[in-house]
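Letters are used for the chains, namely A, B, C and D, taken in the order the chains are written, and counting of residues starts over at 1 for each.
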């Protein structure tokens, strides 16, 4: 049975990726797209300056863009993906939830709220049950689920794998692609032949979101993990694919082989967008690389490599496609989990 | 009084930078250039495919390239800069030293040898006295002094500044420019829209060389520093300028202001290539950036920024021009120290 | 019925693309791969440093690399793709043809020889009959067919479309991707933040090959087209996809609409690798663009746009994927034509 | 005697270059900077996000930004450089001229107006006398002089050199740097690993401005040159430096040597910013290249190379620094000409 879905903020960079991923999706059928007032009433093909590297799907091209307002959403839509700017999302998402829509949102607002599940389906699917708390507290018929920031998603699956050894301290340096800032986020004069060693708010997101994702939900409250996490974030001249250098200290001593085995043992789910394996481990220390490895598993695989033990803990590199696994694909996968767990 | 100097391996990327830096040097006069057998006998302008972004200096252009052999070096040359491939350097540098030449070498061979001083003049000038041990042990009239690897030089001046607080542990992620691998070292197909998270041997160089540079020389033996150093090295699509994300743990607690003051307090030397200030500290957390800041102080300044204290220690970024401060300029500056200390 | 095929020079950049394109091919089955002496005897997965952005096909990975010698080729191989360096190809291709193998070669040697068909299947399939002349003159049981240079292929389909209006003069400026020079052909220090306005031999190839492709074969001799062709070739920092600015003067006056219609009217063939449409015409003058449009039709489409009439003739832009349509895919498509026309 | 100067639109990319070029200028002293209302009242160092690769000049840093209004300009300013957006400039420049200020403007408005001189000092200094017509017609005490578009300036000096042979037809393909579109003009997602074969309005500017620059002024009217000019404009991933492939047809037959001699014979002027030689001719066909050659003559040299004769006329490449020779430096040089010719 097909779920009819809508996409809020469908003309932006993440919105376009979302439209691309929904094309031919086995469970979801695109029924509505929204954008800012200026675009309302236009055909999607005209409103979106399509920049993804595959042609615009024909069923999306012909949809009429709607205003981003629950009153404009067709009643038979059961699931709504949101990739709105966080300021807009903070205003609008509660309205949709109140109107009964279930939202899988990539927007950064409210990710840390006590009653909002922040979910990577293969890692912490149980956190989805926070929705009961959410509905109780907010009196919503609908619901809001969040996926984490792209740089957080890239490292958390491997950190989760290491937590069996007692994760105590994490340091991570990121080399992030320009698409993470949106289509106009990084000008070419800023980044050609250059690196920018700062991304506003990114370090804090990585530090706080990862502790929430690795935390424990007892059915009533979510206790965040107590590992120290320290991030240093850099923008580099790549189009897609965030690469991260990680050091992780664990309570137990572990060998490189144990680490690689733990990575490989992270299980994928039986959902359309969950890749198998979830974590691809490279023996070649020069891999993974963004351009060569970002599209593994349709862009949903977490790639890891360069595992070694050092005085500063386990050291390794990890890579994920930031606008697929790190954004649009993350939201779609959360939608699949919502469907599979009976929340729609 | 002018010192006549020679350059070994003058046609390579570092050799060309060296020729550029010697142009108009107040103390040194270029008297001889060497290269591989194929180039011997050719005018330098023909042997070197000149690729530096300033025109080839006329006094260098007309020199006849010599074979890299002490018998071919003019007797009145007192100081020889070496930027040979390390394999060649290991064979040839001892011959030059035995023949009485004093070498300031950028080649990586023998940097860790007990009787070879590894020197950044503003940081550990006293290590130069290891040359007495060297001459005793090897029976040379000449001498060999080394400068460290480009990625090591970039971080050591700031680490040295922190050692007053008891440096215990260092972790560093590097974002290194392609020029560090030489002119043909990184193909464009490898690096456009990409990052390579591995540089062979680089991590070990950073770990071992920095401990030697920060070590203590008692007049007889050099004790390496005992801080743990762990490096993760990446190649990024920038032409020049290595940027590094550093975490440094110290025994004492320190504030961000104390760290910045310590950086600013590192003293430059009264030598032509030593910039003042040695360390330029940026308040803007998005600086330093390779393209904007690599040519500060003629490429000899160490730039730092983004200082913050974290659970994992002091966190900051540092940047230096890898083929100037990190290679050719480092060798020239060591030459200036040798002259000033009376070793020529 | 499946044709068993071999690939000469299978470890290089074009060879790897060829292996990628043969994976899952409906008519061809990969039976043998060759490389230089050093690699002979190794599994292909080990000999080839695989750098294409999809995983190495498993049937190729396990093949043992052979020496590039007809005596080493299995007898049941009927079709051989060659992407050898042209110097090697000049030596070896005649040996394979003499030994009875039919070669579809991407190597540049002999492209202009009187009895060697130079073929783009959708444009000049009739030139294939030159093989009768070739076999007569050389006494071969096998045969050699060539595809043109990547920059030539990119523009010739549209020029062929304009020849109905009397093509008299062509000027073309190219913006060529680095992959056209092979994996190590362009160093990153040469091309980051740069353009190289010269590619050795490329201008002449475009001028002579295009006249041969547009020429007329009367069953005995091939008369080259008499249009003047003048090319100016540039290397730019793109990975794949050659973009070309073309001016074409024709005897007849034509409108922009007639030009676009002529482009759209070029027919594709009923062969697995021939895309439909062959020429995709963009109305948006900022398209085609290499990164967005190079993979149209699996990399086999010729994209065109920016059509306008000027005092200097018809002006337009054209784009093709240089290592697919311009090299490996061109050879595979020629193989499909050879099979369909009964030459195997 | 020093001329006090003002800069309108001083915080933009061209404005910053202008401030950089005025630092230490032998004739001009920076007295006032203007920007949009938002910045008025701020110190320049705060209003301008300084992004040029040399530190902000101290005398500029401390100036208070003024509104862009002649009433706000100090009376003792005699020369005003304008790098305003063309829409703003069209409104404001006449007010400044009416108020008595002499403007050297880089803005594109009014470049083709009959009574506005469009000048490259070394090429058509006599066009400056159009100012008499301008003052007569407009009743201004001040004046407005324009420099051409960056892509036009790059090719016109060499075209002027060829006009002695009877210039009849010009075709040019450009490979333009991102800085030509201003700091935020080209997003990194548009241009990394890509080319954009269209720049809005640029082709027409090259076609019309070059005919005006090469035209003849008889003291009353300016007759534009009648050569056909056809341009095809591309944006490529370089920071600075426009490279252009030119074909020029002349009435007379010429040899490559005659062309190179004609280029070398273009005379520079005895003005501070006019380089000697004006045109640097390279024998190596792979030069000039943007990264290696854009800073020749402080960024004011026109570089040329690859000269050859073809059936389509003389073919060559030319390069200039687009924000120096092509914008800020062009305006400064026009200011020097205005001063030297007694217009201030």
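The rule is short, and it goes like this: a residue touches a chain if its C-beta (ideal position, glycine included) is under 8 Å from a C-beta of that chain, and two chains touch if they have at least 3 such contacts.
All values reported here derive from a predicted model rather than from experimental measurement.
Most remote from chain C, judged by the distance between CA-atom centroids, is B. More C-beta pairs touch across one of A-C and B-C than the other; that pair is B-C.
Centre-to-centre, using mean CA coordinates, chain A is 41 Å away from chain C. Inter-chain centre distance (chain B to chain C, centres taken as mean C-alpha positions): 47 Å. For chain A, residues that reach two or more other chains under the stated contact definition are 51, 192-193, 237-239, 291-292. Listing the residues of chain A that touch chain C in their complex gives 51, 53-55, 192-193, 239, 291-292, 295-296. Here chain D touches chain A in the complex through residues 13, 51, 178-179, 183-193, 237-239, going by the rule given at the top.
The part of chain A that touches chain B in the complex is made up of residues 169, 171, 173, 175, 192-198, 228, 230, 232, 234, 236-239, 243, 245, 247, 285-292, 305-306, 310-312, 315, 317.
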